[in-house]
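Sharing a structure below in C-alpha cells format, with a few things to ask.
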Amino acid sequence: MAAHNLKHALFCAIITLVISYPILGFNLESEGTSIILEGAGATTILGVLLAAVIVFLFQLFRDSVMGSLRQLPAINPLANRKPMEQSKRLRLESTLLTLMIIGALIWPFLASRGAVDLATLVLIYIMLALGLNVVVGLAGLLDLGYVAFYAVGAYTFALLSQYYGVSFWFALPIGALLAALFGLVLGFPVLRLRGDYLAIVTLGFGEIIRILLNNMTSLTGGPNGIGGIPDPTLFGMEFGRRVKEEGNTSFHETFGIAYSGEHKVIFLYLIALVLAVITAVAIRRLMRMPVGRAWEALREDEIAAKSLGLSRTAVKLSAFTIGAFFAGFAGTVFASKQGFISPESFVFLESAIILAIVVLGGMGSQMGVILAAIAVTILPELAREFSEYRMLIFGAAMVLMMVWRPQGLMPMRRIHIELKRQE
Amino acid sequence: MLEVQNLSMRFGGLLAVDQVSLDVQEHEIVAIIGPNGAGKTTVFNCMSGFYKPTGGKILFEGREIQGKPDYRISRLGLVRTFQHVRLFSRMTVVENLLVAQHRHLNTNLLSGILKTPNYREKEQKSLDRAAYWLDRVGLTDMANRDAGNLAYGQQRRLEIARCMVTEPRLLMLDEPAAGLNPAETKDLNQLIISLKEDYNVSVVLIEHDMSLVMDISDRINVINQGRPLATGTPDEIRRNDDVIKAYLGEA
Amino acid sequence: MQDLLYFIQQLINGLTIGSTYALIAIGYTMVYGIIGMINFAHGEIYMIGAYTSLIAITGLAALGIAWLPLVLIVALICAMIVSSSMGWAVERVAYRPVRGKHRLIPLISAIGMSIFLQNYVHLAQGSRNIGFPALIEGGFQFGAEDSFQTSVSYIQIMIFATTLVCMTVLSLFISRSRIGRACRAVSQDLGMANLLGIDTNRIISATFVIGAALAAVAGLLLGMYYGSIDPLFGFIAGLKAFTAAVLGGIGSIPGAMLGGLILGVAESMTSGYLSGEYKDVVSFALLILILLFKPTGLLGKPEVEKI
C-alpha cells in the first residue's frame, strides 16, 4: 500500500511539473517580427516546484489528510444547533430583509459617487442572477447563452431611443417583453434537447446574436456600439445640467437645489434597487406557485412529471421565457447606466460570470444568489491588484464547488408547509 | 372503460409486444402477469404514452389514445406508477403531492403573484387534498421531509398518493409490491382494494407477488414472450395448463 | 473555369480546416461515448498543445537547432506530453469526483475548468496574439498565371496527411489493442465492464489522454496554418469540433471525421461566397439544425429512453 502510494504520489508530482513548468516557466515574447523565449523569474519557478512538492505530499498522505478533514465538521459549533422554530425564523428573516432594504435606501446618500455606481452594477447582476436562477437552479436547464437576452434588453432601449426617441420608462417593459419573446421563440425548438445539448445550443445562440450585433453595422453600429442613450427621468424631470428633451424640466431647478452629478447616479441606483426587489419578490412568489413547483419537478424527474400530466415543453418554456424577461429588464437598466453599449459587453464570459454567481450562491437559493452577486462584483473591486486573477479564481471556484459543495454556499431551503390535521 | 386491441411494439428487429389485447371495466382490478422480460412494462409504456405503439389500438372511454403524448393521456385520467419509484427526491413530500395537482390549480401567473382570493382558495383546496391523502397512506408526519429521504415502503405509498391526488379514473401500478416486506404488502393489498371500493378507481397492475395478484384481482392477463397467453379470473388462471407450463418452464 | 478553380480552392481550404476539427472532435466523441459528458475544457487542451509546441519550436531555435523534421517531431512530442498530462489531470481533478452525480454538475465543473485553463494560459503568456513561425512554406499552383490560381500549400498537404495517419492509427488501436477493446466495452456498459474486472477508471483516463494527444497534434498543425495563436482560440475551435462530433454522430469515430470535413467545407464555402464574418454563424446554425432534426448525427446510433 505504501509503495503504491509513493508511486502514485511521484506520478502526480511529475504530472504537476509537466502541466505547469512549460507554460509558466517559459514566456513567449515578441521581438520585432520574431519571437523569443524568456525564462520566468525565480519566484515562478520556485512556485511551480513548491506546487509539485505539495501535490506529492498530499497524495502520499492522502488517506490521513482526508481522514482528518472529515473530522472537521464535528468542530463546527453550528452543527449541533437545533433548527429554529418555523414562525420565529420567518419573523427573523422578514425583519432582516426590511432592515436590508431600508439600509439600501439610505446608504447611497452617504456614500461616494463611485460606490453608488458600483452598487447599481451589483443590482443589475442580482437581477440577472435571479433570472438565470429560475432557468438553471429551478428548472435545471443549463443556459449558456443567457447574456443574449440581456443584450436584447439593452439594444432594445438603445435602438428605440436612437431612432424613435423613446424614454427609459417606455423602453423598460418593451425591452423585457422583447427579451421574453426572444426566449420564447428561441426556446421553443431547443427545449426538447437533452441537458448537455441544450447547453451547447444556447451557447451557440448567444454567440450568433453577438456576431449579428457586431456585423449589422448600419443598424447597431457594429463594434462601435450605440452611444447617447438617455438617462431615466422622474416624472418628466431630467437629471442633466441642461434639459435635452423639449417639454421636460430639470430636477435641480424644479427643487431649487444646486446641480450635482450625483443626483443622477443615486436616482439610477434607486431605480435598479426597486427593480431588483420587484424581481426578487416576483420570482419568490413564482417559486411557491404551481408553475414554480412544476419547474423543480421537471428538474428532478422528467418522466415522472410527464406521467402526472405536466407538459414538458410548456413548463420549460415558461422558465426560459421568465428568465429571459428579467434579463431584458437588467439589460435596459444597464444601457441606461452606461449610456453606451457595444457587443463587447455581451460576450460568453458574461454568461459564465452570471452562471458562476448562481452556482456559488446555491442553485435555487435566492438569498445565496443575491449574496454571491454582491461578493462576485465587489471583491474584484476591493482587491484590484488581484483583479486579473478574477476569472481564474471563478473557474477554479466553479470546479471546487461542484466537487465539494454542489448545493452552493447557501443551499436552497425547502419551504415548510403546515397542513391541517385530519380528524 | 379501457380497451387494448392487438397492441404491438417493435424495437428495431425485436418484437417486444405482439398482438396483446386486454380490457378493463369500470370498478375492476385487472392484473398483468408473466415471466421477466415478457413485455409487461412495455405494454404499460404504450398505454401511458411513453412509447408510440407500432401496431394496434388503445381506447380509453371510447377515445383512441395510442400515440398521444404522455402528459395528455395522464390528463384524461390514466395515471401510472413506476417499477423503480420515481419521486421528485429533492422536493418535500407535500410538494410532491402539490405538483401532481397543478391541473386543478390552473390559474394565470398574475393572479398567483398577486395572491387573489380565488387563487388562495384553490391553493387551500389542493393543500387539503394533499393532507387527506398523506393521512390516508400514513405519511402525515413526513409531510415536510424530502421525498428522497423516505424509507422504500413509504416512497411506494407516496407514489400512489401522488397519483390519487390527480383524481384519476384508471390507475396503472407497475410492480407496486416489489421490495416491500410481508406486512407492507398486506397494507398495500388493502389500499388497492380500497381505491377501487371507496374511490371508484379502476386499477391495472403488473405484479410478481402471486398471492397479492390472486387476492385482489378481478381478472388476470398472462403475457409470455410478448404474446398473450391467457385471460380469466384468478381461479381460471390457476388451473390453466399453458400458464402452469410457462411458469414452471421459467422456474 | 475561374469559378471552378475558386470553388476548388474553397474546397481544399475547407478540407484542411475540417480535418483538424476532426482531430479535436475525437476527444469529445470518445469522452462522450464513455462517460456521456461534454468535456468543455477540451478546446483549452488543444490551445495548450498549440502553446507548448510554439514554446518547443522557439526553444529549439534558441538552441540553434533548425533541421525541420527534428523540430517538428520534438514540438509534436512535447505538445502531446503536456496536453495528455493536462487531459489526465483535468479528469482526475474536475470530472472523476463528480462522476455519476446529477448531469448538471459535471457540466458546470467542465465549464469552470475551461475558464480556469483559459485564464491560466492568459496569465502565464499574456492575452495578445503570438505569431507562429511558418516552418513549412510554398506549395503547388494551378491555373493560368494572369487569372485566379488554385493553390495547395505544403502545410495543407501535411495537415491532411497527418490527420489521415492519426485516424488510421486510432482506428487500429481501438479495434486491435487490449485498451481499445476495453474502451469499447466500457462505452457499451460501464457498470458491466466494471463487474467483468476492467479497471474502468484507467480506461476513462486513457480516453482523456488519447483525446488530448490528438488535440495537441491539431494544435501544432493549426498554429502553423493560421500563423498565430492566443489563449482564446481554443474556445471557438472547441465549439466547432464539438459541432463536428455531433454532426457526425457523437460517440462515433468515423462520424467525427465525416462531421469535421463537412463542417470545414461548409465554413470555407461561407467565407468564400458570403462573408468571413458569418462563418461562425453558419457552423452554430448547422449545430442547432442537426440537433433539432437528427440529434443522433449522421453516423450515430439512436438511443432508447429507459424507464
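In order of appearance the chains are A, B and C, and numbering begins at 1 in each one.
Note that a residue touches a chain if its C-beta (ideal position, glycine included) is under 8 Å from a C-beta of that chain, and two chains touch if they have at least 3 such contacts.
No experiment lies behind these values; they were computed from the predicted model shown.
A.B. asks: Given the contact rule stated at the top, which pair of chains has the most C-beta pairs in contact?
C.D. replies: Top-ranked chain pair by contacting C-beta pairs: A-C.
A.B. asks: Going by CA means, which chain is nearest the middle of everything shown?
C.D. replies: A
A.B. asks: Using CA atom averages as chain centres, what separation in Å is found between chain B and chain C?
C.D. replies: That pair's centroid distance is 48 Å.
A.B. asks: Report the inter-centroid distance (CA atoms only) between chain A and chain B in whole Å.
C.D. replies: Chain centres of chain A and chain B, defined by C-alpha means, are spaced 42 Å apart.
A.B. asks: As a quick test, compute the distance in whole Å between the mean CA positions of chain A and chain C.
C.D. replies: 30
A.B. asks: Two or more other chains in contact with one residue: find those residues in chain A.
C.D. replies: Residues 303 of chain A each touch two or more of the other chains.
A.B. asks: Indicate the residues of chain B shared as contacts by at least two other chains.
C.D. replies: Those would be 50, 82.
A.B. asks: Would you give the residues of chain C that are in contact with at least 2 other chains, written as numbers and ranges?
C.D. replies: In chain C, 305, 307 touch at least two other chains.
A.B. asks: Inside the complex, what are the residues of chain A that reach chain B?
C.D. replies: Residues 282, 285-286, 289-291, 293-294, 296-297, 300-301, 303-312, 414-417, 419-422.
A.B. asks: Quick one: in the complex, what on chain C touches chain A?
C.D. replies: 37-38, 48, 51-52, 54-56, 58-59, 62, 78, 81-82, 85-86, 88-89, 93-94, 97-98, 101-109, 111-126, 128, 130-131, 133, 235, 239, 242, 246, 275, 277-278, 280-281, 284-285, 287-288, 291-292, 295, 305, 307
A.B. asks: In their shared complex, at which residues does chain B touch chain A?
C.D. replies: 48, 50, 69-72, 74-75, 79-80, 82, 86-92, 94-95, 98-103, 105, 107, 109, 112-113, 115, 127-128, 130-132, 134-135, 140, 143-144, 146, 162-163, 166
A.B. asks: Give the list of chain A residues in touch with chain C in this complex.
C.D. replies: Interface residues on the chain A side: 15-16, 18-19, 22-24, 26-28, 30, 33-37, 136, 140, 142, 144, 189-190, 192-197, 199-201, 203-205, 207-208, 211-212, 214-215, 303, 348-349, 352, 355-356, 359, 363, 388-389, 391-392, 394-399, 401-403, 406.
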